[in-house]
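Read through the structure below, which is laid out as structure tokens, and then see the notes.
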Amino acid sequence: MGELLKVDKIKTEFKTDKGMVTSVDEVSFDLKEGETICLVGESGCGKSVTSLSIMHLLDKNGSVTHGSILLNGKELVNMSEAEMRKVRGNEISMIFQEPMTSLNPVLTIGDQLTEGIRLHMGYSKKEARDYAVEMLKKVGIPRAEGIVDDYPHRLSGGMRQRVMIAMALSCKPKLLIADEPTTALDVTIQAQILKLMKGLRSESKTAIILITHDLGVVAEMADKVAVMYAGQVVEETDVFTLFDNPKHPYTLGLMKSIPHITNPDDMRLESIPGSVPSVYNMPKGCRFYDRCPFAMKRCLEEKPELRPIEDKKSHSIRCFLYEKEEREFEEKKQDEKEVLS
Amino acid sequence: MAQYIIRRILIAIPVILGVTILNFFIINLAPGNPVDMYVNPSATPQQIAMEKHALGLDQPIIIQYFHWLGQLIQGNLGFSYSTREPVTSLITSHIGPTMLLMGISLIIGYLIAIPLGIISARKQNSWVDYLTTGFSFFGVSVPHFFLGLGVIYLFATKVLLFPTGGMNTLGGSGSFSDLFVHLILPVAVLSTGIAGNMIRYVRSSMLDVLGKDYLRTAKAKGLRQFIITNKHALRNALIPIITVIGIDIPMLIGGAIVTEQVFQWPGLGLLTIQSISSRDYSTLMGINLIAAIAVLLANLLTDIFYAVADPRIRYE
Amino acid sequence: MEVKNLKKYYPIKKGIISKTVGYVKAVDDVSFSIYPGETVGLVGESGCGKSTTGRSLVRLEDPTSGQVIFEGKDLASISKKEMRELRTDLQIIFQDPYSSLNPRKRIGDLLAEPLLAHKLASKAEAAEKVNHILETVGLSKHYKNRYPHEFSGGQRQRIGIARALMLHPKLIICDEPVSALDVSIQAQVLNLLKDLQKEFNLTYIFIAHGLGAVKYISDRITVMYLGKIMEMAKTKEIFEHPMHPYTEILLNAYPVPNPHMRDREQIVVEGDVPSPAHPPKGCVFHTRCPFAKDICREKVPELNGTDHLIACHFPLSQ
């Protein structure tokens, strides 16, 4: 399978009253056809900005100032608006977090669905409508023929998210970006939507960038994972490695601090002390420095790079611990385990 | 929907009745007496009393009210105290010019305001935006009489481009082009005010809508900005504006008192001023009644438009 | 505390004369008891009446009917004045740490306010107390001259907790105290709540969406659906032997953070939660229940059992 998307060290900046703010800094990852990558991280770490940068959907005051985004070898960063319109909704489409506000309240579902279909696939009005009904059926909407003429406010959140998915997949995009598609939904509905996405994925071979902050969703959906912290990717690897053998201190902390129903009863959560640094006041060195239990002097001054760990090409991490001192760190971890047990 | 409209109309009846009561009593409580205005100053008290008797003004006010109401139900608004013409024919002869003037001014005002408001919101903080908001501020804050006198001074007395007032040239042919020339100045003044007011609402409503998630969805589909603005955004932005239109519509009937006065436009506004100064109460009451009905109708229309524009309300 | 047949209906008003055309049955006949020093978790999907139950327990909402018996008094029927006295024992922590603190007040004043309002301390004593409480929740006492906006979300939630603790309450309702917080901060707050409980022998009602947090903190769990209790049992019981189909489905719906388990069998329940204005007849869950039989469509199941309460005609067998 060929490489579909290659995001290379992009930097996205916003002009604000308080000066330039860098929201995303040196974010890199790549994606093959049909593959799913999850971007995880806490609120404000730049997940949405990364995806909006790819789509050129940033607010007017923001732009990608460095790096490159290649889609099938085509550079997206400096693409004109007219060219970009042919990419949006056609080659890359997007689903957003809030199903309640992502659909236009005054246009019918059918109207909103057929717009993209007619634009990118050149169908006639009638053909587009039939195709829209077919798409609605595919995403499991009952009474699809009736729903096309209905308005969004009559649907529940889960149904609206299904409509969004139908809309996003209707032009058979190569890449689907889903920005927290289930965060606003109840768990039972989330399970429905995830199941639906899995089914459609295996059918259509669409590559997916799935943004979430729920490690459960990651484990359920991802092939690859990029963990983000304060605007940077701090660890990137396949999903099994990430859960079995996480390396970055932030990833480790995150895994231990999330209460989950499969946790043993008496396990105490380990919390990461402190909070995320503000965009206006980013540390010079490693951004996780002041919360990291393994911080060294070097971390305060030097910026760590995202590098593959020696033997494994597919596991990259932004941390000095793994350069020379890797072994030392492993030992430390081992010691700790002994102390605990 | 039909049921809703019928219910609204039924509710309107007691409201109108209330308006007639207030209208009648307040005007009759005002000091001064219409008879004083048009009898010969040297008339004897007996003559005045006879006049009053002829007009029914010597009866108790309650009786006068019911008399007036009874006539009203038969479609008779009484006779003008000053010209003795039936009020109904006075009103019908003046309502046409008012509707013509106001209708054209509203349409032109909106045709200017809606695109300008959209552009101004789309290009927030650009020079187009500053210019538009400047114009809007001008239109809202400069009083109509001042603007009216200003344009008359400039374009009718300094440069003799347009007539100073009226609707037709006296003794003229009454041709369409003559009417058109007479319309230009008052329409310019009125539509400046209407547009100035409307721009503010369109701009702020549009700004509000432009930040909405569904516009990002539309953009993510690859639609052109033109379609996003004029199909997806505008329809939503117009919903709150319906209220503003609803407030403007009664002006179609009530007229613009000051502007009609300044341009001597023979409409209801001018008639109002004339009947106030001649204490022509019966005409005044007729005009007030018509205006009240216009406001109620406009409110009803506003509600209907809301339901048409916003499916969330339609399905309630 | 004992809750008996608690109901809270919100009227649906329509038209110009606000005729009541129906009721949203936000909480419909809920009974349970809470013992001193324990934590009862309240879970269920959005809109199932968790917050309304919590708010009714402390009379932030006047229940439509039913009793809330706390230390021998029925909170649902006592006067406003008596309730004010009891307020010191009953506190609530809200979901949103941003909007529940008055932005124009310094933290110190915010915290001292309830003490002074109830005339429980002099100014000096209150200030002393504020210092102490701030340290208890892990904030420096120097923070008391700052305003709420100068704090991060996690810190603000700590302030919310500090405020609830000021009056030494016996029972605290925690309405989604961690939902609005970053994942890495949630653990801090959960641990804090746990430690404080031990220290002050507090009783909690813990409302949350995330079952993980509820499991971590609760001794017993109540599962609600459409304003009714479906199942109530010890935390371990609920997770190991869920007996109500709804509980089973709810537990199953949570994605497991273990990629090796992604291909497990999963029952995915179809459809949406019905509107609480028109709850289904019979068992409220029957429209989505994979095991529903005729009787479920007609007869409302009673909440039965001693330790493990369940409202279902056909409980899952082990």
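Order as written gives the chain letters A, B and C; numbering starts at 1 within each chain.
What we mean here is this: a residue touches a chain if its C-beta (ideal position, glycine included) is under 8 Å from a C-beta of that chain, and two chains touch if they have at least 3 such contacts.
From a predicted model like this one, the values you see are computed outputs, not experimental measurements.
Summed over C-beta pairs in contact, the chain pair with the top total is A-C. The chain with its Cα centre farthest from the Cα centre of subunit A is B. Separating the centre of subunit B from that of subunit C, both taken as means of CA atoms, is a distance of 56 Å.
Once the centre of each chain is set as its mean CA position, subunit A and subunit C turn out to be 31 Å apart. For subunit C in complex with subunit A, the touching residues are 45-46, 152-155, 182-188, 190-191, 209-213, 215-216, 235-236, 239, 249-262, 266, 268-270, 272-273.
Note for the complex: subunit A touches subunit B at residues 55, 57, 85-90, 93-94, 96, 98, 101-107, 112, 115-116, 119-120, 151, 153-154, 164, 167. Residues of subunit A that touch subunit C in their complex: 42-43, 156, 158-159, 186-192, 194-195, 213-220, 222, 239-240, 243, 253-255, 257-263, 265, 268-273, 275-276.
Those residues of subunit B whose C-beta lies close enough to touch subunit A in the complex are 212-214, 216-224, 227, 231-232, 235-236, 239, 309-312, 315.
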